[in-house]
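Below, each structure is written out as structure tokens.
What follows is subunit A paired twice: with subunit B in the first complex and subunit C in the second.
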Partner chain A sequence: MSVVSAIRTRDAAELPGKRDEAWRWTDLRGLIRQVPAPSDELDVSALHAGPFDALADEVLVVANGRGAAHIGVEPGESKVVALRIVSRGDGAHAARISVDVEVAGRLTILESYEGDAGGYLSQTGLMLSLGKDAAVERIVLASDGAEGVTVSQAEVDLAPGARFAQSVLTSGARRQRLETVVRHPGGHADLRLDGVYLLADKRHADLTTAVTHQAVDGTTQQLTKGVVRDQARAVFQGKIVVAEGADRTDARMGHHALILSDRAEVDAKPELEIYADDVSCAHGNTVGALDDDALFYARQRGIPEDEARALLTEAFIGEVVDRIGHEAAREIARAWIGERLRG
Partner chain B sequence: MLSVSNLHAAVEDKEILKGLSLEVPAGEVHAIMGPNGAGKSTLSYVLTGRSGYEVTAGKVTLEGEDLLALEPNERAAKGVFLSFQYPLEIPGVPALTFIRTALNAQRKARGEPEVTAPEFLKLARAKAAELKIDFDMLKRALNVGFSGGEKKRMEIFQMAMLSPRFLILDETDSGLDIDALRIVADGVNALRSPDRAMLVITHYQRLLDYIKPDKVHVLAGGRIVATGGPDLALELEREGYDKYARAA
Partner chain C sequence: MAAVKQTVEHVASLEKYKHGFVTDIEQDFAPKGLNADIVRFISAKKDEPEWMLAWRLDAFERWLAMEEPDWAKVSFPRIDYQDSYYYAAPKKKEGPKSLDEVDPDLLETYKKLGIPLREQEVLAGVEGAPRYAVDAVFDSVSVVTTFKKELAQAGVIFCSMSEAIREHPELVRRYLGSVVPVSDNYFACLNAAVFSDGSFVYVPPGVRCPMELSTYFRINAENSGQFERTLIIADKGAYVSYLEGCTAPMRDENQLHAAVVELVVLDDAEIKYSTVQNWYPGDPETGKGGIYNFVTKRADCRGDRSKVSWTQVETGSSITWKYPSCVLRGNESSGEFYSIAITNGRQQADTGTKMIHLGANTRSRIISKGISAGRSSNTYRGLVSAHPKAKGARNFTQCDSLLIGKHCAAHTVPYIEARNGQSKFEHEATTTRLSEDQLFYAMQRGLSQEEAVQLLVNGFVKDVLQELPMEFAVEAQKLVAISLEGSVG
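And now, the complex of A and B:
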């Protein structure tokens, strides 16, 4: 049972739903009565430019499930790849992309989910494999349409000494799940998994991560921050498992949300499961509102209410954006956030 | 310039200001003194439009215009500035970014062109030097981790940058060391002009040695119960508020 098989068989009963523990807050089964027909092929040459095209050595496009399937980085090679996942129309489509970074290779993946106003159902599976001492930074900008349903599922396999850093930024969709599963080998491999969600109207976003530390000396840092307003709903599920024998693991997870309306909702489930000794693990989870006193202070200085809210929210989110390593991508992410907070 | 008449205001249904009247003409500096809990800060919040401070009766005008009908940011654009008794911390927003946003928002509201980044920086450097503020401090998140005195100095820096027309200083002297007090007073005095006015709330005569008031008012029990010249402050320093508290 999975989103992929539901799309392939057009059987809605295959979709995960609220009875599945891992999907209980992102119910696709209850939402989609009938799996849409396969999406039409798109004329890629007619697409507008993607948000990261100008920064990349290579631009790969997956349009309605068709297109690029592989990104490879040779030992010691270094490159920046823009990966555009484009969805148009009301159909269903799935794509599978494998990313192999060999020993000491370096890759920056600038990934964008680009939807239109259609009621599409889109699934993307990414298999990332990092060799010894490889370094990958993955920056994801998810700009789906309000009627789209998107599921992105990344599986990351690290070798000892590898570094993987990820920042996922999303404005949600009708329903959206952005999932990352990491097998962490310890051995001084280093992992950062960050997230930002900015949700308005009736949008939904689910940032789910699962990290398993399998051996000694691994580090994981996670920081997710988000804002929900109107009737939007955010889901954060962060799970870190420190397996038996994965001693000296250092893992931290933070999730902090601002709720800007009574009808918006945030569901958070941070989980640490520790079966090893001598580990340093911590998690923090907070949900709050904007500080009214700070808002008044800003307004007393002449800043109109909307701008004051945007400024304070931007500052709240900024902590996550500041952690993006690729400088130009970081500025694009910042501008993307600014647009959404002031739009 | 500022005219307050028969102002009544409540906080959480408790009446704090009970018929307060006050006139501060352009060009003048008025001091307000009064016991703890008298309603001095409440007055400053009512004048600036803080939510939770409900005006139940009375009128406030600035140059004839009804101030109470305006949003807090609109009042700021008209030139009302409050130096807070307890300045707020703004995490993640560098002081310079905050002040530039404020300055340009005010200018926009007044139909003036925005200041450019270089113009703004030049002005900020000049004002920081005058107020002996380390320029690097302006790159830090506003007031976050600043000492009590640094926050007060930052209020005056913002005031200098925004050059307001009606200034309210709510215990700006508290928490300042002796040198800082003089620097801050110089900053405030630099803004004295025939078309500006100031309301200086303080507990101590010392500030009034530096910022010489035209009038001193005693606020007790939610009203102005006495008004005099600078000598009144000296008298209060000697004798306390006893007789006024009883009168209120």
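And now, the complex of A and C:
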């Protein structure tokens, strides 16, 4: 039972729903009565440029589930790849992409989800495999349409000494799930999983992560921040598992949300599952409104209320954006956020 | 330091679970198994009115249609509900008028319980004994209720549930099942059908209950699940503090314990509910024989400015599965949850709380300290939610877990659901082991490793211990030490 098999069989009963613990706040079965017919093929040459095209050594386009399926990085090689996941129309489509980065390879994936106004159902599965001492930074900009339903599921396999850093930024969709599952081998491998959501209207976004520390000496840092307004709904589910024997694991998780209207909602489940004793694990979670004192201070200095709110919110989100390693991508991310906060 | 020394001596004096004994009293059993006739038997045995029997039968019907939940992080062999006794009452002699007439075996049991709670003196009728009202539950039936008179003068009703059903049917009908509905969950529903007895407390408007109320629950008959039902109502402006303490004898068959506790708090009233739970945890090597503690505890803060405080020290049971909760319905009502859960050996605990904010400016606070040692597993699972109407809701949650040993597990599973823009929720959780530096420091000063561990653990749980009433706090501190016996080294 999965989104992929639901798309293949067109059986809506295969979709995960609120009775499935992992999907309790992202109910697809209750939303989609009928799985749409397969999407039409797209003319890729007619598409506008993607947000990261100018920064990349190569641009891969997956349009309505069709297109490039593999990114390979040779030992010691270094490259920047833009990966565009494009959805158009009212159909359903699924794609599978594998990424193999060999020993000491370096890769920056600049991934964008680009939807139109259609009521599509899109699933993307990514399999990332990092060799020893490989380093990957994945930056995801999810700009789906208000009627689209998107599920992105990444599975990451790290080798000892590997570094994987991820920043997911999303403005949500009708329903959207951006999921990352990491098998962490310890052995001084280093993981950073960050997220930002900016949701308005009736949009929904679900950032779900699960990290399993399998052996000694692993580190994980997670920071997710988000803002919801109108009737939007954000979901954060973060799970860190430390297996028996995975001593000297250091894992931190933070999720902080601002609710800017009375009808918006934030649901969070930061989870720790620990089977080893020599570990240091912590999570923090806060949900609240903008600080009235700070707002008052800004207004006293002549900044109009809307502008003051945008400024404070930008500063709040800024902490996550600052952690993006790729400089040019970081600025694109910052501009993308600014547009959404002021737009 | 004196307390630590006392604790250490206490531990030294202990080799095995000291409450593991079985008092042989003639039992009045219902036949094994569960069906509508057993429900009728229990009801008839207790001379219940027709409406009560109807309520039970309705619950039983619903229970048949329900499925046993399996989402908790605990594992145990499937319970055969037909292989249990659902009613066992100590045989009554002709109306015992005073304690002297109470079955001496029963008094002996209290003696053996050994916990130097002064309730024993009260039970023994010692002059000048402190004023704790004791409603002792001995295998499902309240045997003796003391201080009833003094409580009656204050207008407080404190009696067994069966008595309340007879004497105060209007209160029972009004409030029973109003906090935990009959079909709330599988175990609560089972309880509604077969509950044996329990405590009933009603504190009238404006009355501050003149003494701490306390109850001993003790599972005694082999193979008899105990299903207490407790209902406490604090009317407008009332206050009551209720203590619940538990020990149970040792045996080999797993025992199911599915109690329901309902608290109703009206305007400006407050209930403080404290629990020390020390049921038999099962064999430390195999986990065999321990108690299953699947309890539903919930408080309904119906009135404005009402307050509930749950404090629990969970050291026993082979499996603990419970979430004392607060429904914060009244405006400006508040809920607190202070918990120490200790697991050792093969124990499993999945416990926490739910704070459901419905009213405006409601506040809640959660402090949970979990300690796992041996091969045990300890899970904090909690929910904090704010309804769109709960403007100004405020929650602070802190969950700390301490791991002692290589083979234990500690989990934290909080759920946070915020549905309005004017509430503020903060949650933090940490998982660590005992600091080696601190242990070293303590041992350098002449403490043995075990003593050093106890000292550090006592510090770790201090925030919760200080929420307990005095006499409970001392006992709880000892329990903490006993529970961790043999976990180091």
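Going forward, the second predicted complex is superposed on the first by the 343 of 343 C-alpha atoms of A that agree within 3 Å, B and C clash if a C-alpha of one lies under 4 Å from a C-alpha of the other, contacts with A are read in each partner's own complex, and residues count from 1 in each chain.
Here is the rule we use: a contact is a pair of C-beta atoms (placed from the backbone, for glycine too) under 8 Å apart; a residue touches a chain by one contact, two chains touch by 3 or more.
What you see is a predicted model, and the numbers here were worked out from it, not measured in a lab.
Student: Clash or fit: how do subunit B and subunit C relate after the overlay on subunit A?
Tutor: Subunit B/subunit C on subunit A - fit side by side.
Student: Now for A:E58: first (subunit B), second (subunit C), both, or neither, which partner does it touch?
Tutor: A:E58: touches no partner chain.
Student: Which holds for A:E74: it touches subunit B only (first), subunit C only (second), both, or neither?
Tutor: neither
Student: Go through the superposed model and pick first if A:A294 touches only subunit B, second if only subunit C, both, or neither.
Tutor: first
Student: Just subunit B (first), just subunit C (second), both, or neither: which does A:D40 touch?
Tutor: The answer is neither, since A:D40 touches no partner chain.
Student: Applying the touch criterion given at the start, work out whether A:E331 contacts subunit B, subunit C, both or neither, answering first, second, both or neither.
Tutor: neither
Student: Once the two complexes are aligned on chain A, which partner has more residues of subunit A within touching range, subunit B or subunit C?
Tutor: Comparing touch counts on subunit A for subunit B and subunit C gives C.
Student: Angle subunit B-subunit A-subunit C between C-alpha centres, in steps of 10 degrees?
Tutor: With subunit A as the vertex, subunit B and subunit C sit 80 degrees apart.
Student: Measuring by CA atoms in the overlay, how small does the subunit B-subunit C distance get, in Å?
Tutor: 16
Student: On subunit A, what residues does subunit B touch that subunit C touches as well?
Tutor: none
Student: Which residues, counting only subunit A, touch subunit B once they are in their complex?
Tutor: 291-294, 296-305, 307-308, 311-312, 314-316, 318-319
Student: Please name which positions on subunit C make contact with subunit A in the complex.
Tutor: 71, 388, 391, 401, 403-433
Student: If you look only at subunit B, which of its residues touch subunit A in the complex?
Tutor: Spelled out, the residues of subunit B in touch with subunit A are 48-51, 71-73, 75-77, 81-82, 84, 87-93, 98-99, 101-103, 105-106, 109, 141, 158, 162.
Student: Which bits of subunit A are touching subunit C when the two form their complex?
Tutor: Touch residues, subunit A against subunit C: 21, 244-245, 257, 259-289.
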